[in-house]
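Going in written order, the chains are labelled A, B, C and D, and every chain counts its residues from 1.
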Amino acid sequence: MSNWRRRDFLGLVAGSAVGFTLGKLGLPALLGARPDPASTTRSHDGLDAEREALGVCGGCSAGCSVKLRIVEGRLVGLRGNPLCPLGAGGLCARGASEVEAYYDPDRIVGPLVRDGDRAKDRWNRVTWDEGLARVSQQLGRLVGSRRGARVGAILSSARGSMGAAVERALAAVGSPHVYHVDALRDEAAAPFAALAVGADRRFGYDLETTDLVLSLGTPVLEGWLSPAYVARRFGQGRQRTEARLRLVQVESRMSPTAMRADEWIRCVPGTEPLLALAMAGVLLREGLVDASAQAALVGLAPWKDAAGRLHRGLRPLLDYAYSPVTVSRETGVPVVDILRLARMFGTAQNPVAVGEQTAGSAGAFGLGAVHLLNALRARSGSRGCVVTPDTIPVTALGASAPVEGRIDRPPIASVASTPVWRALGGFETEGREPPFDILFLEDGAAMSDVVAGDPASRLLGKIPLVVSFASALDASTAAADVVLPSTSYFEQALDVEIDAGGFVAVAAARPALPPLLDARSPAQVVPELVRRSGREPQLGTEEQMVRYRLGGLYRARRGMAYGTPFRRGWMAQMEEAGWWTPASISEGQFIDSVLERGGWVDPRMPRPGFSPEKPYGVDARGRGFVPPAKALFAQGAEDDAWLPHNESAGDSPGTAQGMLLVPFTVGVLRGRGSPNRPSLLALAAPHVRAGFHPWAELNPKDAKRLGVESGGKVRIASEHGNVVVSLRVTEGVRPGTVALANAPAAGGAGRYAKSWKAGSERLMAGIYGRLTGARTGRGMRVQVEAEPKGAA
Amino acid sequence: MIGRSAAWLTGIGFVFALGVGAYSSERYTDQPFPFSHAAHVRGASCALCHQGARTGPRAGILDLVACTGCHAVPPGNPSGEQRAAWQKAEAGVALPWNRLYRLPPHVYFSHRRHVVLAGLDCSSCHGDIAQRTTAPIRPRQIVKMRDCIVCHDHEKVTVDCTGCHR
Amino acid sequence: MSTARAGAAPVGEPLAPMTVHERAIFAPITTTGTGFKALALGLALVSAWALFAWIWQLTHGLGVTGLLRPTYWGIYITNFVFFIGVSHAGTLISAILRLSKAEWRRSVTRMAEVITVLVIAFGAGNVIVDLGRSDRALYVFRHANFKSPLLWDICSISIYLTASTIYLVLPMLPDLVRLEQKVGGWRGSVYRALLRATGYRDTPKQRHRLERAIGVMMVLVLPIAISVHTVVSWVFAMTIQPMWHSTIFGPYFVAGAIFSGIAAILTFMVVLRRAYHLEAYLRPVHFDNLGKLLLVMTLFWLYFTFAEHLTTYYGGEPHELRVLFDKVTGRFALQFWVMVVTCFVIPFAILCRAKGRRSELGILLASLSVNFGMYLERYTIVVPSLTNARILMTDARYTPTWVEWSILAGCVSTFLLLYLGFTKLFPIISVWEVEEGIEHGPRETTDRLATYYPPMAGSGEAP
Amino acid sequence: MRWAMVIDLGACTGCGACVVTCRQENNVPVADEETFYHGRNLDWIQLEDQAEGEYENLRVRQYPLMCQQCDKPPCVKVCPVRATYRDEEGIVGQIYRRCIGCRYCTNACPYSVKTFNWKKPGWAEGTERRQSPDVSLRPAGVVEKCTFCHHRRQKAKEAVRAEGRELGAGDYEPACVEVCPAGAMTFGDLDDPSSPLAQLVQDRHGERLMDDLGTEPKVIYLRPPGGRS
């Protein structure tokens, strides 16, 4: 290349030109047509193959109707069904994460049978026939020997077609044991509160016209009732111009609810019911109580019963034992605040006091006191917020199961029932044999009350065959021998009875998607097991069951398929006037319209729970009793036993020295379905940036005293157990107390939820409220010390 | 004598260009079943078969199944494989056509917007397909952003990035 | 002044004899000791490791670094600012010395200019390494947005690179002619190729035009160098981040650049003097003068830092205070106070006494501590402001990972490797300037001195 | 036409449905525990809070924080390749094909709402089936941000133009606004005085985050009237 001459340059140019043209034209002909490899994907039939289908959300037991967006057979998006009376188009965070749960990479792909004993976590995948055979053999033996009653099922979804099918199937083998564990409702407290309402019937909260919510420790905005429904009512209430909804949160820790409350009343943990009693006293003293309501209450003043014995009245008790001054000393809430709150509650148009579902449960009488406030403010003609909706007239699937033999009898003969796991724990503590030889568990949420080392978990270990229907590895599969994975709610035909909003509704849907994995709905599996064991449950396919149940709604000549709020209002007036005008002619058309619109609702106003016209727990002269009312009195309990009072911290165990424990439940992780949802695990507590594992909260002063800092690890120990969790230092915790998170159903396997081991429920294992049987850590003291870095 | 080095240069130039030419010659794609637009179109609008163009982003192509509607026997002289495909089509099983135009995943392009709202004629982008007797073997051009921008500027339509990027 | 023979020495011509200075200064080029080979090998290993680290990052994404939200910039951008700062050693200082006709500059200028030319590449290179999509780096030219300070940066740095390369090569030409005549072997063909490319044969006419060119470059390089580090500081100052958005950043960074530049030369002077036995040419006066310059810059730096932090503290704006306290007493307190010690206390203590300035160890200690201190200074400017975002609360902390440290080590080792390579190819001291200085220096200086004072009576000069 | 959003902090219950839906709608990869605690989650919207005071007088205000779609965006000025820019209708777009990942815009943004793909986004096996076809998947090394679900605007404009009218209020709203159970989010055109959004901004005391910085954000937070929280 030393010296270029023009000739060299020309030669190069000519050669290139000739070569290029040859390359462009000739070569492909020589090599033969080479199809563009990337072009073999199927061309579509023009439309983007996108459709929408209705489904029922399986995130919790509320039963919101949802609209699924399906593109080319893939579930891609989820929205609330605008016609749903609960969410009206909105969804809570858990509902929005249902798509994530549906495609959970750790979802169980098919029936599993344990390989070896329960300690080793090894499973073999089997076909459905083998899985069913493994269970139906045992079931057949039980049925053969007339001991069909020794089969039980504990479900986590609300009452609905699946629960009815399982009930009907077990009834066919003679077992009454189908129990519902409802993560949303305080299972133990609810019946007790209903007792206060004077009627053993479901009761709910109609928050539409509420202008004041006084919450004594209830996580109102964190997964209480149906989060979508509560959020909607709260949002509407707060955006109203007149009678704007105010929220007063009485809690020792600044929870997300307290953060948004109009007022956050900082009280000593566990003393919330005392405030209710003091406020009741103020209401009565200052005459802020409706005269007719006061007249309808028996027991306010001292009175004589039919046998002539004189009983103490409630007012003297309130004036003497629960005056604002004594309560202020006990709770740490200034007297002026107690008086102001009482007057606020007394003068509000439509107030409601709420006390259930506190992790450190307020105890039976605390709930009695809370509902005493509601009873005192009930006014004639007002809709009131605590309501007792009628039963949902779905047709029962054949004969209802026998009642006797149910194990949820309470220790005291009252209408209240005891949580099923507490009752099972009772078998263990009394050394009796477990009542079941076969136990079906719907999923981890059905075991949300069970903690390792609890009497109930020990009993569970003794049950010979435990079958789990979970769709993902969780607490129930850890205890099970056979896993028959359930399909997602979007793959089933089902209906769910809604009792979250206090109104009467049923969400229903056809299968929106074909089963993604080799799974079947328990509503098919249990009847199939019963058939293979020799009995015939006379149940059709899922769709037939749903249509059969929905038929009852048509025959009850009430309610309508989901419709716009205008149509609901119009239909309500028609029904009030005694007319019923279904949009469809025949029952079949009615059922189709219910399935197409997402469900059925009876738009009529639910009857108020407390109202002078309808006294509760009527005595001889037709007057109601002060909550917790008559049933306790009927058993001749001592006066101060049935009057609302505060179970002082003294009588709940764990009075050792140390800091007061403030257990709280993480709202988004409560509910059913797969716990392995990264979006929710990251949303556990945005304000302290905690997630994916339980955490404790300490006040900066305590943290400095203990020499720990945010992000480090602390060990918290009580008599019942100890836990090592990561720490968050925040001003939102009362000095001298330690807040500890728990989300019982969240624990389990799965790549995202694997580090959510036990939280505060481990410390409270084995401590139950005397009457309600709910786990309570009220007034419990724990030792807290820094965990050296690098330790376990 | 043009000298040793010049000869070398032409040779190298030739071989180099040969490779470039071969490599850059567009690949071409043939379809699993012959189709002649000329025989079918005769003035009918493209959207008759590519209905998607009127209703949504993708134009789409009718399946072989639709052909079995009119043709009793597979038209032309089908090879064995094509005959088998035809039997399946008669049984309703669709035969996937090969895609010519590749739309990158970050682009939102909707036929309806261009055909129905803008009233463009299909040939403005796809060229004169109506007269072809064989299926087109390659896209009229590999559509690049430049082509869209040129047309949008010309038609004074928005060239806002978020209009097409997603 | 030995005039070079016209025309290139034909191949095979016997090499001309060297003058005493040429022998001393050309010695390092020809003789490579085992120490040099060992050092070069070590540096090469580190550079290879850094290359591996970069490829590892390219394949695994920036996730392998410790960066996170909101601390999006870290070690790489600190490297960028630091190396561009060091690059001010060369052109800026040698230009000032030439402008002020300081005779003692003659043996220092080339050493400094080489630092500039070589280290800029690593400054700009770190920005490329920091890009999430370094394969799209050329988009900066294809879709340039001149509103962005990054673009100003790119322009000023590329101009600065070209200017300082020219400013390095021009004074090398006369030396090349001598080298080509006096050093044979494969280096000869390199010098011949360079000379043929420029056509410079050191004729008096060419030498005169060369000196005028150097004069022009000397003046031109000053504003360019000043603009480079001002624009680098504006990358931070133009945003509204607390403790970034302040007017002092321009001058502060330029002062910092000169400061770390002088430190860099001093370090190199000490090492080269000892390694290549250039004691004759790097006399204590050089260290003394540059030491004084470093002392002045230490005080300048202290002044700017104090001014910035006092105004921030006194202003009391919450976001700014949060960053300030995080630096002074919070999570970055260690880095901050080590910076103050290494940037002010140690250099001041050593340099304020003549004995310190003249002792080799003192100068080495002072310059290394300033180099280290200035790296920390850039770190405590970039990272704390990002860590304390205005409203985003996060507990995650940025801790650099092995990839980032390896690439930093790689940049330093490759720079030193190139520098060593340069010394093996070209004389590290400008021979013709030294000889010119020896001949004409004294006369010119005395003439110049005369112009400082009123003309002596009867000397006949115009006042 | 300037799209804006009003968030009524009185009504917001902090449930996080917006955060989950945004990730689902825009194919944002989920963060596992290690990514979450390493500060590398990619949420386009998150619940941010400001706390003041001690336990006795503590007041915490939590609010959803997403790109504020500023009218004078500091991030647009500094982008060297114009990959992020303010489009004709006031939405700050992010063009993933041009972004070189220099992260200058993420540092210039005072709200720190722009996130960065530190590594190739991981989709656990099977979860890629939930990817929405409307939004492209971002490669590694690219900044991404909330664009008020502009892909919904694309489809809405097409549907609306097919009906022969222009885009009006209610034709297009981001996924978070649609899913908010408390109805706390309102979306609309700030320039259209008749839109519900404009009325809300006038009637209720609207507050913009750090609007003293001159960025003119277009997400307006309404404080609860009279409420002490």
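Here is the rule we go by: a contact is a pair of C-beta atoms (placed from the backbone, for glycine too) under 8 Å apart; a residue touches a chain by one contact, two chains touch by 3 or more.
All values reported here derive from a predicted model rather than from experimental measurement.
No other pair of chains has as many C-beta pairs in contact as A-D.
Nearest to the common centre of all protein CA atoms is the CA centroid of chain D. Per-chain Cα centroids separate chain A from chain B by 55 Å. One simple way to say how far apart two chains are is to compare their mean CA positions; for chain B and chain C this gives 58 Å.
We define each chain's centre as the mean of its Cα atoms; on that basis chain C and chain D are separated by 45 Å. Note on chain placement: the centre of chain A and the centre of chain C lie 67 Å apart, centres being C-alpha means. Counting only residues that touch two or more partner chains, chain A has 48. Among all residues of chain D, those that touch two or more other chains are 37, 48-49. Counting partner chains per residue, chain B shows two or more touched chains at no residue at all. Looking at the complex, you find that chain A touches chain D at residues 48, 71-72, 74-80, 87, 89-93, 95-97, 99-100, 102-103, 105, 221, 227-228, 230-232, 234-236, 238-239, 244, 246, 254, 256, 259-264, 266, 667-668, 678-683, 686-687, 691-693, 699, 730-735, 751-752, 755.
Within the complex, the chain D residues that touch chain B are 85, 87-88, 91, 93, 95-97, 134-137, 147, 150-151, 153-154, 158, 161-162. Every residue of chain D that touches chain A in the complex is listed here, in rising order: 8, 10-17, 19-21, 23-25, 30-33, 36-37, 41, 43, 46-49, 51, 53-56, 58, 60-62, 124-127, 129-133, 175, 178-184, 224-225, 227-229.
The touching residues of chain C, when paired with chain A in their complex, are 393-395. Partner chain C is touched in their complex by these residues of chain D: 37-40, 48-50, 65, 74, 77-83, 98-104, 106-108, 110-112, 115-120, 139-143, 209-210, 213.
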